[in-house]
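Each of the next two complexes has chain A plus one other chain: chain B in the first, chain C in the second.
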Partner chain A sequence: MASKFTRSNGTGWLMAGPAAFLIFCFVILPFIAAIGLSFTNQRLVSPNPTEFTGLANYSQLLGMGMLHLDPVKDDAGNLVLDDAGQPKLPELRSFTRHNKDYPGIDGMRELFSFASGEGRTYVLARDVVFMKAILNTFIFVIVVAPLQGGLALCLALLINQRLRGINVFRAIYFMPVVVSIVVVSLLWRFIYDGQSGLLNNLLGALSFGTLPRIDWLGNASTALGAIIAMSVWQAVGFHMVIWLSGLQTISPTLYEAAAIEGASKWQTFRYITWPGLRNTAVLVLVVITMQAFGLFSQIDVMTKGGPLDSTQTIVFQAIQRGYGKQDISGGSAISVILFVIVLSVSLIQRWLTREKV
Partner chain B sequence: MKSFNTLAGAMLASTLFAGAALAQTELTMWYHGAGNDNEMKLVNEMLDEFNASQPDWKVVITAFPQAAYNDSVVAGALAGTLPDIIDIDGPILPNWAWSGYIQPLKIDESLIKDYLPGPKGVWNGKLYGIGMWDAAISLVTRQSYLDELKLRKPTLDQPWTADEFQAALDAAKNSGKFEYALDLGTAWTGEWYPYAFSPLLQSFGGDLIDRTTYSTAEGALNGDAAMAWGKWWQHLFTDGYAQATQDPAERDSGFATGKYAFSWNGNWAALGALKAFDDVLFLPAPNFGAGSKIGAASWQLSISASSKHPDGANAFINFALQPKNLARFSKGLGLIPATAAAAELTDNYKVGGPLNVFFDLSNRQGVLRPVTPGYPVMAKIFEKAASDIAHGADVAATLDAAVDEINADIEKNKGYAAQ
Partner chain C sequence: MATITSDNHGLRLAVRYAVLVLIAVIFIFPLVFMLISSLKPDAQLLADTSSLKAFLPVGDISFNNYSAAFKRAPVGLFILNSVIVTGVTVVLSLIVCSSAAFVFVFVNWQGRDLILTIILATLIVPFETIAIPLLLISSKLPWIGLDGLTWGWLNSYHVQIIPFVADGLTIYLFVQYFKDLPGELIEAARVEGASWFAIYRRIVMPLAGPVLATAAILKFLAMYNQYLWPLMVVQEEGYRPVMVGLQYFFQLNVVWGEVMAYLSLITLPVLAFYLYLQKAFIASIASTGVKG
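Up next is the complex of A and B:
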């Protein structure tokens, strides 16, 4: 298995050395420390000594439970109705708080519930906020990865032409990537503003004032969507450039041959361009996925995880806990969970996009 | 020739001066005001006067932006590079005292005998920090609004009751003159929430934690009083009296442009309100049952535990507490001077001054945020709970979750017991 990489290659290592050293110091070392800390009760600020607590942080984060509640019946065995005329259920709170008969679900909260039989079945979580963070992060990844990759490809195809002034367009599409994400987020906060935001004014003008003004970031049903749209716009230029570099590696002779054979535009794309972009596609997909899992800055600047946890994400929770709530061990456990998630997803992607012999 | 003499004289003088300065022992100080030129100018003036006033000590200051200040101190403490003197935000003080970052002060009792209660940073029976000023919140409105809405003007002795406050909000809302009846400042995330809104909870009879033991939030933050607060708080937003999500620009200029009838705002914004209208009133907090309450405590001076020259640092802090220094910051920054004597030295806060009411508010209604090392975590948890309830979350479930989180944190820290 001796390759050029493993054989003595002094110059190569010398060049990679500084970067490798920094990555080791600031990425690998802290990560190993995080794995260790996640099994302790380490605080950010505390005079108490650190203690080993085993898997307590993980069970706190990932603990789940189920509870089925039947409607309340009066002495005659009839259903008691609540104010809205629905069968009244006992208070969930009376089961999950200090109820000695249900020690397993003590301190848990409702994640979601569904009607079953006469009553309702509740799915409970020990840390509802973290569960929502996981869910939101997955939604973000699942929407952003194809959308951003596809849009970037369209843009790359558009600007991969020999036209006068095409560089102006390239620069325009690439510009949001160069601007700091914090600045972009601040600007988009103004755009999404519920009262006098650009988006509301634009929609108002287009609909002659018939559309109501929407507080995009202050509304639990629109906040995550608003952040997704803004994130896609911000990073699409970066992936456009990667696609572009892929497009330019495809030999022009293939296109000439296709033209001579009389291939349509679609056939040219389907049988020359797309196969030629295979490796680029894998790269773009993996990079977008990894970046999407790390969603943080937009959340921190625009919504802080609100409203009603509709924009909580895994990384935001890790920092919120580790730093804001001074719970380094809890934040570390979240980082480790995120690492396992990203690793699994990447491995699955790699397996799906492997070279099929 | 004359100019040469002047030059030589100046050089000689500067050499002598430098010589004198060298004999002084250097004290380092960190301060949170970087980026605020006005504030830094005042701090530097005071430092220069202190350095020139005695031969032993010379304070050298490093300023940090406020947003990064606490992180810098924590990082400095972990790395063992804290300066002699640090300034510290009042409610965090117990946390840093408990962590062993700071040491008790030795202050001339006569200087702080008549102090407002807010600026004294006491934890575990010892004075760890002392502030030169306090801040206070009032319900800002205009006399003309009260006349128009036919409302009684509340006083410190007779603040509005919960019903009167509700009637005032209804009158403002039904008048149709305002976009929203009440401006709570929900645009200001962070410490504003516990500072401005937890006193409302306390006025209902609830609290962030049971202050008799400081070991559990059960019953304090999810008892009947807290539930009543939560329902009231939620109705402000769901019934359209206030905005759960607010544009920061509206927070800054909304009251001055007539968008809001009432604004829940601090003394630091009072001068702006006075400039906008000539009939501005600063009303006391309504009494929701357990008395009118507003938040107390602001930035305070303290000495790091690792300081090699605590005597010098104490000398500086004693110097800083003189009435003329308290008045200096009040005049320059609009803050409430920590003593009545210093207040008399300022135009705004002296008896009869336009902001004098804040001095009384701070004195009569000011309540410290829970004095416990667990406060910084509690503050974050309360902020999220208040914001979630404002956005329509179930009150009981949200407060229960907040209680559980606070209690879990206390347990993780072994009750935050003093070491």
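Up next is the complex of A and C:
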């Protein structure tokens, strides 16, 4: 509206001012502060003045190195075998602890290693826990995004039928969404419990007691999977509703035409429903991805990052350092890394799902 | 294709309902378990998990866990805190965000497009990435209260409220809704000599019912269920909301019946509210998904 009747700078600033001011103070300023603080050694409470430390926080978090070790040979040139009969390797620690010949990897620990040639190649990281947190977060996102999006679509298709009482089912499927994730996490601790857990009891009953009891959250190989399953259970109703609103924008005449042409159910879905859901699909994917990168509450209530760091996540690390250890600068650096990851991933997603001309 | 006879039509219908019911059971059983367990003493609660009794109100049923929960922690205070923080934030948010969206859509002013673009850009900043610096900033901000000028916002209601009053999503929802209102109506009122504030109050807001409900519900859910932020900024019992108050039940000996009673107390009001306004809740989530 370009009319002179709608022109008023005073009104504009007066009525948008409060919102703009609040968003500046509590979103934009902290965001800029996160970047600034990540280059310092700021602590929440500290008697010492804050100093500029450059990229120290980032190299501490992201520093990685590689080292190849050949088996030890005795003076005659033969391999020295260890107690198990395997070729003995020199101790990794002798290279990474105060070894003046290897200053680049000083203080690093093993992330993983693999056999190469006669010896082993070690991939080292300065902060092994943080590397695991990044890895776990990516696993979580990569599994949850398609799983939750796909299941939500199935539920939406199921709920989109014309059946008596279908609204009751829709209401029930959506129910976990309104329950706090903290409450949900505590309830599922009971379901996953190693002794009297409901899941173990159910599996035991179905298999007539032949399946062993598993401590789902206390086991490094099952803990992250258990948290993924619960997270999907809690949030799937949310995206079901978004799919549902997408489904309802597809014109019924298209379905009628398909029925007249004798299209099968799959053909109808493939050529009418799915193309009609394009924009919804992009939205669901982007929203789930952004939410999944923020994984924190489930971890804090259920596992605190354990067992053996198998459920460490980026946000859990940021909070543990920034708040738990009051290391504001370290927590800020992790926040910046997370933001860069989220931004890159969503840009890649937008590029991959762009409208192709 | 199979011919449709009344026989296999009935069978198909039965299969459909069976699938729907099975899925409903998956979504509802933890909540039923919570409610039923809150009525049982711990020994029975744990023993019952091995059978379907876990979901049935049988055996030694009482409200003892509820009275014990109130003795263990100031449950009433936690609920009051959550109600104050959530209620005040929702009301302020509706006023601040709707008036901002009003001038973004209807008023022509210098800086409008730039400010709106910046506000919408904040939608890609997840709260988790600003939580730590926000903690530092909040610990240093000034406040003028009953005891005069004080520094640091930690341990208060306002630290839980003010950072969440304005947000990009709420403003976006109002902007989208206002764009569909007839602009000529507003211009006509202007020509008639109505003040901007009168147009906002008398014309636009009375038409904004659906978007007010949407924004209120989304804000309510986000605020009531908040965990990370109050965990960091509220150490004093006096200002703790319900989700953080949960910690009291894991100090010393854990009585699961009391935990379940507390979880039921803080969850049932929200569930009742949801079931009562079910259509509005679902419509509010759906409206975040419809993009032009």
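As a convention for this text, the second predicted complex is superposed on the first by the 333 of 357 C-alpha atoms of A that agree within 3 Å, B and C clash if a C-alpha of one lies under 4 Å from a C-alpha of the other, contacts with A are read in each partner's own complex, and residues count from 1 in each chain.
Basically, contacts are C-beta pairs under 8 Å (C-beta built on N, C-alpha and C of every residue); 3 or more make two chains touch, one makes a residue touch a chain.
As the structure is a prediction and not an experimental result, all values here were calculated from the model.
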Look at A:294 in the shared chain and tell me whether it touches chain B only, chain C only, both, or neither; answer first, second, both or neither. second
Taking the superposition on A as described, I'd like to know which of chain B and chain C A:211 touches: first, second, both or neither. neither
Is A:279 touching the first partner chain B, the second partner chain C, both, or neither of them? second
Per the contact definition in the header, classify A:44: touching chain B only (first), chain C only (second), both, or neither. both
Considering only touches as defined above, state whether A:233 meets chain B (first), chain C (second), both or neither. second
Would you sort A:66 into first (chain B), second (chain C), both or neither based on which partner it touches? neither
Could you figure out whether chain B or chain C reaches more residues of chain A? C
Would you check which partner chain A:257 touches, where first means chain B only, second means chain C only, and both and neither mean what they say? neither
When the two structures are overlaid on chain A, which partner does A:97 contact: first (chain B), second (chain C), both, or neither? first
Identify the overlap between the chain B-contacting and the chain C-contacting residues of chain A. 44, 196, 323
Residues of chain B defined as touching chain A within the complex: 71, 74, 77, 95-96, 98-100, 189, 244-245, 247, 250, 376-377, 380-381, 384, 387-388, 391-393, 396-397, 400-401, 404, 408-409, 412-414, 419
Can you tell me which positions in chain C touch chain A when the two form their complex? 13, 16-17, 19-20, 23-24, 26-31, 33-34, 46, 49-51, 54, 96-97, 99-100, 102-104, 106-112, 115, 118-119, 122, 124-137, 139, 162-168, 171, 183, 186-187, 190-191, 196, 200, 221, 224-225, 227-228, 231-232, 243, 246, 256, 259, 263, 266-267, 270-271, 274-275, 278, 281-282, 285-291
Which stretch or stretches of chain A touch chain B in the complex? 41, 43-48, 60, 92-93, 97, 107, 109-110, 128, 193-196, 215, 217-218, 220, 304-309, 320, 323-327
Write out the stretch or stretches of chain A touching chain C in their complex. 1-3, 5-9, 11-13, 15-16, 18-20, 22-23, 25-31, 33-34, 37, 42, 44, 155, 158, 161, 163, 166-167, 169-184, 186-188, 190-191, 196-198, 201, 233, 237-238, 241-242, 244-246, 249, 279-280, 283-284, 290, 293-294, 296-297, 300, 315, 318-319, 322-323, 328, 331-332, 334-336, 338-339, 342-343, 346
